[in-house]
Every structure is written in C-alpha cells, then in structure tokens.
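The following pair of complexes shares a single chain, chain A, combined with chain B in the former and chain C in the latter.
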Partner chain A sequence: MLIITLAAGRFFVHKWGAEHARYMAGGVDHPPNCISCHLYPQRDGFLAKMVNENYLSPLNGAVSPDGKKLYVVAQDADVVVVVDIPNSEAVSRIKTGRRPHSAKVSADGNTLYVTNQWANNIYVIDLPGGTVRDSIMTGGGPASMDFSPDGRFLFVANTYTHDISIIDLQENKEARRLYAGNFPTGVAVSPQSGFTYISSQRTVPVKFRTPPLTEITIIKTSGQRVAKRQYFKSAHIMENVAVTPQGDMAITTLVRPKNLVPSMQIERGWMINHGIGIVRSDGKMAQLLLDEPNAFYPDPYGIVIHPNGKYAYVSHSGADVVSIIDLDAVRALLDSASEEELNRYANHLGLSSLYVVKRIKTGSNPKGLAISPDGKYVFVMERMADHVTVIDTDKLEAVTNIDLGGPKKITVSRRGGQLFTNAGHTFHMQYSCYTCHPDGHEDGLTYDLVGTGRDLANVQTLRDLYGTAPFKWKGTNVSVYMQCGMRFSKFVTRTESFAPEDLDAVVAYIMRELTHPPNIHHMPGTALTEAQKRGKALFERIVTNDGREIPVKDRCTTCHNGPSYSNFKLANVGSAKETDDVIMFDAPNLNNVYESAPYLHDGSAQTLEEIWTIYGGDDNHGYVNDMTKDQLNDLVEYLKSLTAARFQTEKDDYQINKSEL
Partner chain B sequence: MKKNANRIRWTARGIFALAIVSFLGFIQPDSPKINSKTSKETFSQSSEKKAAPMPLYGKWKSFTTKDGLPSDKIYCVRVDGDRVWAGTNHGLALLEDGAWKVFTEKDGLAHRGVLSIDVSPVTGDLWIGTMSGLSRYSGGRFETFTQLNSGLANDVIYSVFCDEKDVWAATGGGASKLDTYTGKWEIYTERNAPMHEPWTYNVCAGGGKVFIAAWGGGVIEWNKETKRFRDYTDPDGELEIDLFPNDGIVHDITTAVSYANDLLWVATYFGMSTYDGNQWKGYFDHDSGLASNFINFVKANGDVGWLCTDNGLSSFNGITWVTYKVLENKKGQVIINGNTDDEKILPASSAISHNFAMGVDFSGDVIWVATSKGLSRGEIVGYSDAATTRL
Partner chain C sequence: MRMRSYFNISGFLKILTISVLLFACGAEKKNETLAYVFTMIPAHDVRATVIQNGNHRYLPGMQVAMIEVGKSADAIKIITNEFHSARAPEASFNGKNIIFSGQKNQGDIWQIWTYNMKKKAFSQITNSETNCTDPTWLPDGKIAYSKLISEKDGLQHHALFRIGPDGCCEERITYQPHEDLNAMVLKDGRLLFSSIQIKPTKGSLKYLAMRPDGTKAELFLLPGSNAHATGKAVETRDRKVLYTEDGKLVSVSFNRPLHTRKVHENQGIYQSVFADNGKLLVSVTYEKNGIFELQLLSDVGEPVYRLTDSGNHIIEVSTIAERPVPRKLPTRVDPKKRSGFIVCLNTDASDIMPAVEGAKTAKVQVFSPEGLIGEVAVEEDGSFNLELQADTPLMFKTYDAEGNLLRGPSSWVWVRPAEHRGCVGCHEDREIAPENNVPKSLKGGPVSLVKNDISKEESHE
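After this line comes the complex of A and B, so read on.
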C-alpha cells in the first residue's frame, strides 16, 4: 500500500511538476527540474554557495613599460592579477576596490592606477609591491582612463555620472570635471593630435523614434576643455577608443542597432551590425562594419593599435574572436570615398574583407585588449574564461593562453554567462543577449520587437530581476524562462530556442549575477538628503497639498512598493499611444531608476521629470498635478535615491569615498 | 492644474517684465541730462581706501545687424578669451576671428531671446539663459534644460551664473541651482527662502556667498558654508524715496548684483547700492555721477562697478564716477564726477551705441557694452587723472 501511495504521489508530483515547468517556461515542455529555478538562480544561502564559484572575470589589462608584467583587472574578484609575461604565469594578486574596471601603469613603471567602478575612486598602487598608496575620488563609475602626454594628468571616463574626471597626479586629486556623452566608457589621449577622445555607450537624448546619436567627446588635452562633440549616427555601445600613433585617426568600437525597423529584419541582416567608428584628424567621421554577409562579429569591445600604426586589433566579445584590421587599407578606403559613399559604407556588409586581414579565435567573451610596448604581443582578457590569450603580432596568431587561476569548474550560472554574452543563438550570430543588455543593464533604446510597428518596447534592465515577475511591459511573461525561451527565438533571434539546460543556465546567470551598482545618489551607509526626505514624504503621501485624500489607486506607493518598488501588477498610467494594443503596463522596478532613461514603456519620456510634466497631465500616473515645481524636484530626487536594500544593510564593504560625488 | 496655473502665471509675469524692458529699450532721452550740481562730497566705501584713477574708454565701435548680428537689441554680452558672445532678441551671436556667427533654435538653442550668458570657470562651457529655457553650449553643441525636462524652476531665465561646479539661474519662478556633478536641481522661492515672491532677476557669487536679486525682495544672500539664507531689504519699505541715506539697500526692486573685491554691487530701478559686509551705501542720479536711477545691470570689474542704465553707462570706483553717453549727433560724451563740483564733461569722437545699456563685459583693456541699439566695443584710451586724453 505504501509503495502504491508513494508511486502515486511521485506520479502526481511529477505530473504537477511537469505542468508547473511547462507553465513557467511559457507553454513549452521543459524538464521538471526543481533546482533549475529554485537553486541555481539563488544568490544567497548555503546551497547557493555550494553550487557556485567566485570567478575572476578579467575585463581589462595593462602592460608594464618593460613589457614583463601584465596587470589584469579581475572585475568580479576585486583584484588585479599580476601576470609574469615571459613565463606566461599568474604570479600574484593585488586587492582593489569594488568592481575594478581598468588599469594603467605610469611611464616609470612604479605606479599602477586602477579605477574602482563601484567605489567611485582610483587606487594608486605602488609597484612592484602592490601596496595601495592612495585613493583618488572621481565621478560616478570610473571606467577607462589615459595619461596626458606629460604624465601629469589622468583623464577618466565616469560612466554613471556621464562626465570626465581630470586627475592631477601631482596632487592626486581631481582637478576638474567635464561633461561627456551618455555613459562614457572609453578614453584615449593622442599626443600627436593634442586631443583626448572619450567614447560613450549610449545615445544622447534624441527625438522619439529617431536614430541614436552617440557622442565621442573630444577634449583639447592641454586646455582641458571640450573642443568638440561629435556624434555617430545610428550607432551606440562605443565601449573603447584608441588613437593611431600618427594621430590621424581615433577609432572606437561600435554597434549599429536598427531599432527603428522590425526586429524580424534580422533575416535580412538588418537588425544589428558591429564595427568601428573613425574620427579623422580633420574631423571627418566614418563607420565601417567588421561583419560579413551571413557572418557577424557582435559586441566589439576592446581595441588597441600597434605602435607602427598599421594594424588595429578589435575583440568581439559576442563571437569569441579578435579581428585584425589593416589601417592602411582603411585610410585608402576613406581617402577615396565621397561623403555619399561613406554613408553607404556604414551599412556595407561586403567591405570588411578589404581591411580585416584575419580573425583569431579566443576563449569565451574576449573583452579588453592590451598591447606590449614593443607591439609584439596583444593580450586578450577572456572575461568568461578567466584566461588571457596572447596573440603574436608578427605571426598574427594566438601563441599562448594564460590561466589566471580562477575556478576550474564551470557552474550552471557561469555557463549561462557564457551563453548570455555569446551570439551563437541568433541568426547569423547577429547579436547576443548582451548586445541589448550591456553590463546586464539595458541599452536605452526602444525596439519594434513584434515587428508590426506596434507595441514598441523600451528595453528594460536585467539587473536584480529575482522575485520581480511578471516580465515584459505587458506583464505577459511569468518567468525569465518564458521571456528567454520560445519567445526569444520566435521574435528575436529567429533560430531554434535554447536547449533546456542552456535556458536553465541563462536564467541562472541573469537572476543571480546581474545586479545594480551602488546608487550614486544614495551611497551605502548614507542617509537620505533633505530633498530626498521631502521627496519620500511626497512619494508616500495620502493627501494632496490642500488636504484632500488621494484615492488609493493614485498613490505612488500603491503600485511602487516593496523592495523593488513594484507591486508587479498592470496599471494604466495614461502612457499608451496609438501604436499600443494595450493600455495597461507592468509597474517597473524603481531601484537605480536614474540610470534607466528614457522612461515609460516606449521610452517616450526622456527624463524622470517628463513622466509628469509632459505625460502626467491627467494625474493617471500618480497624483502630482497639485505639486509645485520644487516638490516635483524633491520627488525626483527621492526616486533617484531608491536602491536595493542590501546596499543599505551591508557593512561598509565598498570602500567608497563618502565625499559628495 | 495648480502647477499649470503657476506656470502660466509666472510666464505671463516674465513676458510682462520683458515687454517693459523691451519697450523702454526704444526710448532714447531727448538730450543728455542737465546736471543739477548739488553740493556733495566724493566718497569711497572705506575712508582709508585710495582708489586708482578711473580708466577712460574711447575708440568706440558699434556692431549691428549690418555687421552680422541677428538684431540690434542686445540683452547681454560675455567675453570668453578671444571670443565674444552677444545675446540678442533674435539669437545668440558669436564674434570669432573677426566674423559673427548666429545661433538660434535651429541649432539647438532653447530660445532666440537670449537674456544672459556665463562661462563656467571649471569646464569652459557656455551657459545661456533665454526666454524659454536654459542652454549649455559645449564642444559646439547645445543641450537645453527646461521646466518640463529638468528641475529648472521656470523657463524664463533672466540671469545665469556659474559658481564653481554649480550653475545658478534667476528665473521667473525662483532661483534654480544645478549641481553639475550630481545633476541635482534645487529651487529657491518664497517657500524656502526669505523672498517676497519667486520672481528673481539676477544672481552672482563671491566671498563664500551667493546673492540673488529678487524682484521686490531686495537681495537674498545664501551662505554656501552654513547653507542658510538671509535677506537685505530696503529699510524704507515700499517708499519710493530713500528716507535715511546709507541705512540699507536703496530699494527692494533689485535688478542685478555683482561681487568683486569684497564688495557687493546692487542695481535697482531706483538707484544703486554697495555693501562691504558691514556698511551699505546708496547712490542716486541726483546726488552722484550715476547716469540714471533706472539700472538694468551691474558688473564689478575689480574695484570698478559698471552700471548699465537707461541713460548711459556709468562706472564708479568708490571715489570717481565716469559716465558714457551718446548724443543725438552720435558723438560721445564722457562725464567725470557728474553732479559734483569736480564735474568734467569731455566730448568724445565716438560713443556707445545707445544710452539704454543692458550688459557689459571686459577683456583686458577692451570693454563690450550691450545696448538696445547695438553692441559697443571700446578700449582704454586714458585715465581720469591724466592731463590729456584723446576720447
């Protein structure tokens, strides 16, 4: 009897489990495996620690002036791994601040500078000992940096505050801060041209449903003023920039999204392309694709130029490839091109064979590149492999692969990271999940995913998604499994969907690894400002300025409550346009909302203020029209301060310079 | 709805004020004022102070639409190195390499009515206050902040001032401060500052303080260290006369403030005041060399304050007044120590473009004056104590 009962129980549990898995996966069969959803995506707890590993995740690197040491920034481990180049061996580690991004070695080889992106500072580290000598405050989210020609100043791109810190290295403090583009990341100083170039990830605000315009900020290096702001049209995610030794070109990696056409155009090679953007010394601009017909090389990230100025090396983090570009061929092509031809080249898939001389296979997720001072070697940081591939620039082939000493085991989540950052699952490898979700966030664009010109979707962040279902602006996806499963292949990638085990891995990676950075408007361990406190009172108010009770449905906290400031329900906030088939949308999470412009389901509000000044006229999106302008400012200040609870409860673990940013 | 009503209310007030200014801009006095020559002593803020001789400007050249400006009505002028920026009622104009270039809404400027310009000492970026928004010009591109897309208090920007990393805007709906590092906006109105009403006209900073010329509210001082406000108002209240001399600011209808060398200069439509942190001094057209009590703008250049009035351009160093006027025959007139026994009236072969002056700025020995009928450029040709000066 017992056996029969157990068998029956097992049968029904299994049947229920299968139905549950099928439901959560969006109506497709998915092996009922409890740990897929209930263990692998977990961040905390004993079991979660048991099944996961602490990887290094090398992002960028710098070579010592004598060419003997490579300093590899391990983003997830908060260390710099020191590699002995002659022996191809990781020999030591230097502790950094939280979430280091880039490294630079001084000309005398005695000092290493490391940007700590989550700590908003730069560590000044004595070499070879590895002692942190000083910490220099920067703007929010310092990323790449470069020295002025005399070595006196360091130009730093601050991704989160959208500006550039110029650090006086004699004083070890910020000398001035200049506006940059949107989410600046790359920096390159050109001693020959006298200019410094800063590339940006995102488009500047543009008119609704017009192509992105992404800024490359050009600073007169000696005067430390912005000389020019130039824009690459229909391009973004300009992660890094490099300059030729001759000073005739600044070259940035870029992605060309066709977000204004239906995503189903992927089959025509029209969805997303990848290439480089060039600013010539005369100010002329050009874009060249690194893709080929039927073969794409997504997510270009790192770029270095050989000291002879003849070759550029570009890592394609979504294709596990490094492209080698003949710059003389590029010069010849651009010299002979008319303006009209240059415009055509930006979309020309057939040109890359003229200037791409070789593609070199790398390990998983090649990101930053570093080149030895003599130009003999290019080092490729493989973020999802914890390795460095070494390319011999004479032989034009990978000659060594250096193990940085990360965990050998590939966990489910790590496997998910490799899938997330790789374009292998899209038609012709046009793009990866990362392409539209750089750094696990969102790219700030609105896409026509359905392909009918309707239900335009503002890309949403993937950070801190755990426990925030449903997903999609319409709230129709009950799980990330559903979002990334069949729907992904049907509407987006136009290929077969992920295999169940791959889907488990991708979901585990998204839910577990992708997190918001600390909120720069509300640092861990700090109290709300007076304006934020006033804004909080407005956010939580139940009566109007003149004492009338605000209906429950019109209170901010009705829809935006809980740790993510969402009730995960649909609401009509009056934002629907004629192109929308529905009028109710999922209440978005609000943590770190300041870094998610534009706003509303279709990205029509460029700023938080516009949600109410332009789109909130009927008081559908909360009751705000009785507010004075200063009250609205306070409300916005409070919204910008919303942050995941863990940042307020953790000990001071971020070594954040608590001075005002 | 209330917000919209407020918006309309303040926009209407701003337009009204601008209309007054614009209307008055067309009024040119029939002739230079006849001096009453009342007996008075020359004075400085501090009795120990020995002022240097006043520079005398001449060799005036006028720039108008014929030279490439978009309008002859020049609201403001700002020198930035080798470049000269002029704000007109039909766009922003840049004089560079001897030629004028004009920017309007088509180029991204918030509005063609440019009322104020300042240059950030930190970034070198240009901030432009217009009749419909605040623009930043940097690297050849405009970015615009409005009351709809940002925390700016109101779109009518009478004045913009860059104080280190902060950008202040005096608007029709309060004073706004943008912290360019954090992106945080703050608004100061009668709700959180000792203002009579939110209409602010001008702002400046110095000595660790920010000073706001608040319409009808005198001068609002904001201490950057204590982050506290205090106000300076006319002890005579709403009386149009100054009952007791030097007892405080001369009038609550303040139009401009400027700070240099520990001295605050305050312009009103009823005279001028200075404040050294201890003592107020008042100056009027009937008992000093001030060209007119109707003062549109003031700017301190070192020890010298420059007053842009409806009847000429006056300058004052605490001892000596020098006023520049244009006569009906287009010749110039320089009046030294007007209204005193020492008065000297010097004829000049050239003159400022118009007696209705609205802005002034300097670059070395060169002065630029914004007037309602053109932009004037002059240069130092001598000093007030010189025996001979060719004007």
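After this line comes the complex of A and C, so read on.
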C-alpha cells in the first residue's frame, strides 16, 4: 500500500512538476528539474555557495615597461593577477578595490594604477611589492585610462558620471573634470597628434526614432580642454580606442545597431553589425565593418595597435576571435574614398576581406588586449575562461595560453555566462545577449522586434531581475525561461533555440550574476541629500500641494513599492502611442533608474523629467502636475537615489580613501 | 556475507574483464568502418555519358549501392535490387537511414524512399503523381526534395518540397518558375539548392539559400556563365562550399560566397562532391567518356581511397556515418494566413543604373506569372511596404513620376504565409547591410495587394 501511495505521489508530483516547468517555460516542454530554477539562480545561501565558484573574470591588463610582467585586472575577484611573462605563469595577486576595470603601469615600472569602477577611485600600487600606496578619487565608475606623454597626468573615463577625470600624478588628486559622451569607457592619448580620445558606450540623446549618435570626445592633451566632440552616426558601444604611433588615426571599436529598421529578418546583417570607427588627423571620420556577409564577429571590445603602426588587433568578445587589421590597407581605402563611398563602406559586409588579414581563435569571451612594449606579443584577457591567450605578432598566431589560476570547475552559472556573452546561439553569430545588454545592462535603444513598426520595445536592464517577474514591457513573460525560450529564437536569435540545459544556465547567470553597481547618487553608507529627502516626501505623498487627497491609483508608491520599487503589475500611465497595440505596461523596477535612459516602454522620454514634462500631461502617470519645477527636480533627485537595499546594509569597502589605506 | 560476495576476487575479475572488453569494443567503434553510399549506372549505357552535363536524372537501371571500407574490394552491396532504378542516396545525420529517389517498376513515378539500415526495410515516403528526386535530410528529421510540377499555364518545372519522414504533411517550399534542384542543408540550417529561371526567359544557374520553411530565399553563389550543375553543393568543415560545375570542382568561401569563386584545376572530370569530416568524397573520371569512380581525398587533395567498378559509373557519393546535425531553424510561417509582407527600404539603392539617368522611383508595379497584380506609390525615401499573396511568384518593376520604366523586371521572389521579409534595395549589392533608418512606408502600415483583401487582424502578428 505504501509503495502504491509513494508511486502515485511520485507520479502526481512529477506530472505537476512537468506542467509547472512547461508553464514557466512559456508552454514548451522543459525538464522539470527543481534545482535548475530554484537553486542555480540563487545568489545567497549555503547551497548557492556550494554549487558556485568565485571566478577571476579577467577584463583588462597592462604590461610592464620591461615586458616581463603582465598585470591582469580580475573584475569579479577584486584582484590584479601578476603574470610572469617569460614563464607564462600567474605568480601573485594584488588586492584591489571593488570591481576593478583597468590597469596602467608607469613608465619607470614602479607604480601600477588600477581603476576601481564600483569604488570611484584609482589605487596607486607600488611595484614590485604590490602594496596599495594611495587612492585617488575620480568621477563615478572609472574605466579605462591613459598617461599624458610626459607621464604627469592620467586621463580617466568615468562611465557612470559621463565625464573624464584628469589626475595629477604628482599630487595624486583630480586636477580637472571634463564632460564626455554618454557612458565613456575608452581612453587613448596620442603623443604625436597632441590629442586624447575618449570613446563612449551609448548614444547621446537624439530625437525619438532617429539613429544613435555616439560621441568620441577629443581633448587637447596639453591644454586639458575639450577640443572637439565628434559623433559616429548609427553606431554605439565604442568600448575602447587606440591611436596609431604615427598619430594619423584614432580607432575605436563599435557596434552598428539596426534598431530603426523593422526586424523582419536577420539575413544579410539586417539586425546588428560590428566594426571600427576611425577619426583621422584631419577630423574626417569613417566606419568599417569587421563582419563578413555570412559571418559576424560581434561585440568588438579591446583594440591595440602595434608599435610599428602596421596592424591593429581587435578582440571580438562575442565570437572568441581576435581580428588582425592591416592599417595600410585601411589608409589606402579611406584615402581613395569619397564621402558617399565612406557612407556605403559603413554598411559593407564584404569589404573586411580587404583589410582583415587574419582571425585568431581565443578562449571564451576575449575582452581587453595588452601589447608588449616591443610589440612582440599581444595578450588577450579571456573573461569567461580565466585565461590569457598570447599572440605572437611575427607569426600572427596564438602561441601560449596562460592559466590565471581561477576555479577549474565550470558551474551552471558560469556556463550561462559563457553562453550569454557568446553569439553562437544567434543566426550567423550576428549578436550575443551581451550586444543589447552590455555589462548585463541595456544598450539604451528602442527596437522594432515585431518588424511591423508597431510595439516598439525599449531594451530593459537585466540587472537584479531575481524576484521581479513578470518580464517584458507587456508583462507577458512569467519567467526569464520564457523570455529567452522558443519565441526568443523566432523573433530575436532566429536560429535553433537554447537546449533546456543551456537555457537553465543562461537564466542562472542572468539571475545570479547581473547586478547593479552601487548607486552614484546614493553611495553605500551615505545619507540622502536634502533634495533627495524632499523628493522622497513627494514620492510618498498622499495629498496634493493644495491639500487634496491623491487617489490611491495615482500615488507613486502604489505601483512603485517594495525592494525593487515595482508592484510587478500592468498599468495604463498614458504612455501608449499610435504604434502600440496595448495600453497597459509593466511597472518597471526603479533601482539605479538614473542609468536607464531613455525611459518609458518605447524609449520616447529622453530623461526622467520628460516622463512628466512631455508625457505626463494628463496625470495618468502619477499625480504630478501640481508640482513646481523645484519639486519635480527634487522628485527626480530622489528617483535617482533609489538603490537595492543590500547597498545600504552592507558595510563594504566600496570607497576607500587615502586615510583608510 | 552477501556484501562480501560483491567484492570477491572472481567477481571483481569478471567485472574487470567485461569492462576491458566493453572498453575495447568502444575503442574499436571509434575507428569504425567507413561506409559510403552512392549511385551506380551501367557504364555500357550510352545515355550515361550525359552525366557530365547534369542531365542524368532519369536513366533506367541506376542502383543505390554502398561499400564498407576495410572489407574486400568487391564488397559493393546493391541496396535497391528490388527497384527498377534508384538514385540520389543520402544517409541520415545519425547514419541509420538512407533516403533516395526510386522507381520501383519500369514506368513508375520516381518517389522518395527511405532504407532502414538495421531492419533492411524500405519505406515509401512520397506518393506523388509526378517525379520526386534529389532528396536531402533536414535537421528536424523531415526530408526536402525536388518535385516536378505543372503550373496553371502548363509550364512544367521542379520546385522544392518537404515532407515528414512518415510521409505526412507534404509542403511546397519554393514558388518560382525555376528548376529548383540539388538541395542540401548548410550547417546554419538553410537549404542550398541550384536554381535556373525558366520564365519569362531562361536564366543562368544560381545557387540560392533559403530557410527550410521556404522563407528568406536569396542568392547565395553564382557559378560561371552557362555552367551546369551536376550535383549538390556541400559545406566543408573549414567553411567552404564546394560544388561541381561542368566537371570542375569549384569552391567558394561560406563567409563571402559571391566574391570568392575558385575553380580548382585538378585533373579529372568531377560529377559530385561530399564533405566527409575534413576530407572530400568525390565522383571523378580522368577521361572524357571515362568511367566515374569514388575517391576519398586527403586535405591536400590526394586520393587516400578509391573505388572503381569496371561495369558501372559511381556517382552521387556520400558518407554513411553520424554527422553533426545542422541548426534547426525556427519558423514564423503560419499556414492559416494567406499573405506575407515585403518592405523595401530604398528602391533607388541599386547596382543597376536606372533607364532614365538620375531619375527617382515614384511607383512600383508587382507582377505574378499571370500578369500585373497592382502598383503602389513609393515613399519619398524610396521605401515601400506591401502585403502580398503568399506562395505566389512575384516580380517588380519600378517607374519614375513620368511613368518611365527605371528598373525591372526583377528576379522572382515570393513570401510564405505570415513571412516578413525585407530588401535593402532593388538588385543592390548583396553584401550591403541596411542603413539604420525608419522606412517612411512603415508608418501607414502595409499596402495590401492581396485579392479579396485579407482582414486587418491577419496582417499583424
């Protein structure tokens, strides 16, 4: 009897489990494996720790002037791994601040500078000992950096505050702050041209449904003033920039999205292309693709140029490839091209055969590149492999692969990270998940994924998604499994959908690993500003300025409450346009909302203010029209301060200043 | 005591012995016998000489045969003894079944058959009233093949179809007055097939790539002028596509097929080529009117295995082995719908000079084989957005505001039910990706040129 009862119980549990898995996967069969959904995506707890590992995730690196040491920034481990180049061996680690991004070694080889992106500072580290000597405050989210030709100043791109810190290295403090483009990340100083180039990830605000314009900021290095702001049209995610030794070209990696074109197909580069942007010394600009008609090389990230100026090396983090570009061929092509031809070249998938001389296979997710001072080796940081591939620039081939000493076990979540950052699950590898969700965030664009000009979708962040179902602006997806499942392959990747175990892995990665950085408007351990406090009162108010009670449905906190500031329900806030087939949209999460412009489901509001000043006239989106301009400013200040609760409870070293070292 | 019995020495040795044997068998299996399947044609049949120009389709007395390499040289095994004629074999991706086109009795219609290697059993897949040839396995287990069809105007030609392995649910997937033959699946999941326009004028040989649901058909590669295809084009492990063109072996780069055509000057006359795990399997002869033989070529092109038969040509060679399954592409075709959509981003983006110099396109006319379907005004940015009858051959002509013909007629295209497809321009450079703009024609929705206007709710997903 007991056996029969157990068997029946097992049968019904299994049947229920299968139905539950099918429902959560969006109506397609998915193996009812409980731990896939209920353990692997977990961030905290004993079991989550048991099944996960702490990986290094090398992002960028720098070579010592004598060419003997490579300093690898391990983003997820908050360390720099020191590699002995002659022996191809990781020999030691140096502790950094939170979420290090890039490293630079001084010309005398005695000092290592490391940007700590989540701590808004730079560590000054004595070499060879590895002692942190000093910490220099920067803007928010310092990323790449480069020395002035005399070594006195360090130019630093501050990704989160959209500016550039110029650090005086004699004083070890910020000497000047200049505005950059949107989400600046790459920096290259050209001693020959006298200019410093800063590339940006995101478009500057543009008119709704017009092509993105992404800024490359050009600074007169000696004067430390912005000389020019130039814009690459229909391009973005310009992660890094490098300059030729001749000073005739600054070259940035870039992505060319087709977000305005109806996504009717993927064939023929219809969705997203990848390449380089060039600013010549005379200011002329050009874009060239690194793709081919039936083969794409997504997510170009790192770029270095050989000291002889002959070849540039570009890592494609979504294709596990480094492309080698013949710069003389590029010069010849551009010299002979008319303006019209240059426009055509920007979309030409066949041209790369003229200037890409070789593609070199790497390990998983190649990111930053570093080149030895003599130009003999290029080092490729493989973020999802915890390895470094070494390319011999004479042979133009990979000669060594260095193990940085990360965990050997590939966990489900790590496997998900490898899948997320790789375009292998998209037709002809045209793009990866990362392409539209760089750094697990969003690319700031609106796409026509249905392909009819209707139901436009503003890309949403993937950070801190755990516990925030449903998903999509329409709230139609009950889980990320559904979001990334069968329908996703029909409309987005346009090839075979993820196998169930791969889908589990991708979801585990998204849920577990992708998190917001600390809020730069409300750093951990800090109190709200007076303006933010006033804004908080407005956010939570229940009466208007003249004392009338605000109906519950029109209060901010009705829809935006809880740890993510969302009730996860649909609401009509009057944002629907003629092109929408529905009028109700999912209340978005508001943590770190300041870094998610543009706003609303279709990206029509360029700023938080525009949600109300342009699209809130009828008070459908909360009751705001009685507010004064100052009150709206305060409300926006408070919204910008919204942050995950963990940042306010953790006593962590996000910012360590000089006195604390 | 019972526990002890599990660990006694003799038991352990037995397990060890069995394990070693199993391991050894496994190791043997890794180096399993290579097996090839091919078509044999009696060499004395004078009509067999036409295999060199591609017109070898319906000879009597053809047989599907196989050989297991490593066994004696005379071990060619005829599989289709009970057939009057059989040809075009191809093993499934798991190496367990063979499809072929067969004529059971003299005068029968050629049908698609499968042969189960283990059960040694045949199954008739198609039950067609016209000849079905050139079968190929699709990644989802279905079968694509060419079928002779008659159009309303009496035109007879081959179109591509697909069908389930159980013979269920036959579906036509190409809709153009072309000879569509020699289908083969690329690793990306698309079908690559040879195609020659036969109406309104006879065109030259092209290879088109298309999703297995019949959507997104586009030019993939262009053989030399007046070339004949004698077999399927195949993709190799190093991302090349190889095919035979008038007896020559030709390759293109998969990544850039339209500009990398290379005619290999190997000696010999080639009838077919098949990619075999880094090596090439070819059917070749070294004399005009000579007997074709099977050769396995090393990666430097040297034969490492040859199979000849003095009494028969050996053609249409392929491997019987487990092969990587290409991508299973999702489909958005909805058989309940009757229309599809085409958006052209800019009709003036073209490599063909307009008949009137400097003129700008003002309208476009759409034709089916029966004549004009309709005409629509082109937007200021050169774009148009049309809803069109699905599964119908379509041609376009563009005109300026004065009614002068600028370009056209275009090549034939079609849309499947609910398909949305886009064009960068009209006969534009096929390596150009679209410019990132919202086409003006998108704003008002598609202009319907469908007879008996389809309801609005059918128009949008």
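What we mean here is this: the second predicted complex is superposed on the first by the 654 of 661 C-alpha atoms of A that agree within 3 Å, B and C clash if a C-alpha of one lies under 4 Å from a C-alpha of the other, contacts with A are read in each partner's own complex, and residues count from 1 in each chain.
The criterion applied here is as follows: contacts are C-beta pairs under 8 Å (C-beta built on N, C-alpha and C of every residue); 3 or more make two chains touch, one makes a residue touch a chain.
Quantities reported herein were computed from a predicted structural model and do not represent experimental measurements.
Undergrad: Mind working out whether A:18 is in touch with chain B, chain C, both or neither, as first, second, both or neither?
TA: Touch partners of A:18: none, neither chain B nor chain C.
Undergrad: Is A:521 touching the first partner chain B, the second partner chain C, both, or neither of them?
TA: Only chain B is touched by A:521; chain C is not.
Undergrad: Quick one: is A:410 in contact with chain B, with chain C, with both, or with neither? Answer first, second, both or neither.
TA: neither
Undergrad: Touch test for A:583: chain B only (first), chain C only (second), both, or neither?
TA: neither
Undergrad: Once the shared chain is lined up, is A:610 touching chain B (first), chain C (second), both, or neither of them?
TA: Only chain B is touched by A:610; chain C is not.
Undergrad: After lining up the shared chain so the two structures overlap, which partner does A:531 touch, if you call chain B first and chain C second: first, second, both or neither?
TA: Only chain B is touched by A:531; chain C is not.
Undergrad: By the touch definition above, which chain A residues appear in both interfaces, chain B in one complex and chain C in the other?
TA: Of chain A, no residue contacts chain B in one complex and chain C in the other.
Undergrad: Okay, in this complex, where on chain A does chain C touch?
TA: 209, 211-212, 234, 256-262, 264-265, 267-270, 273, 289, 292-295, 344, 347-351, 353, 427-428, 448, 450-454, 486, 489-491, 494-497, 581
Undergrad: Applying the document's contact rule, which stretches of chain B touch chain A when the two form their complex?
TA: By the definition above, chain B touches chain A via 1-4, 6, 122-125, 136, 138-141, 143, 147-151, 153-154, 165, 173-174, 180-187, 189, 191-192.
Undergrad: Across the complex, what residues on chain A touch chain B?
TA: Touch residues, chain A against chain B: 139, 161, 163, 176-179, 204, 217-218, 223, 225-229, 520-521, 531, 545, 606-607, 609-610, 613-614, 625-630, 632-633, 636-637, 660-661.
Undergrad: Which residues of chain C touch chain A in the complex?
TA: 139, 188-189, 216, 218, 239, 254-259, 327-332, 341, 343, 345, 420-422, 424, 429-439, 442-443, 445-446, 460-461
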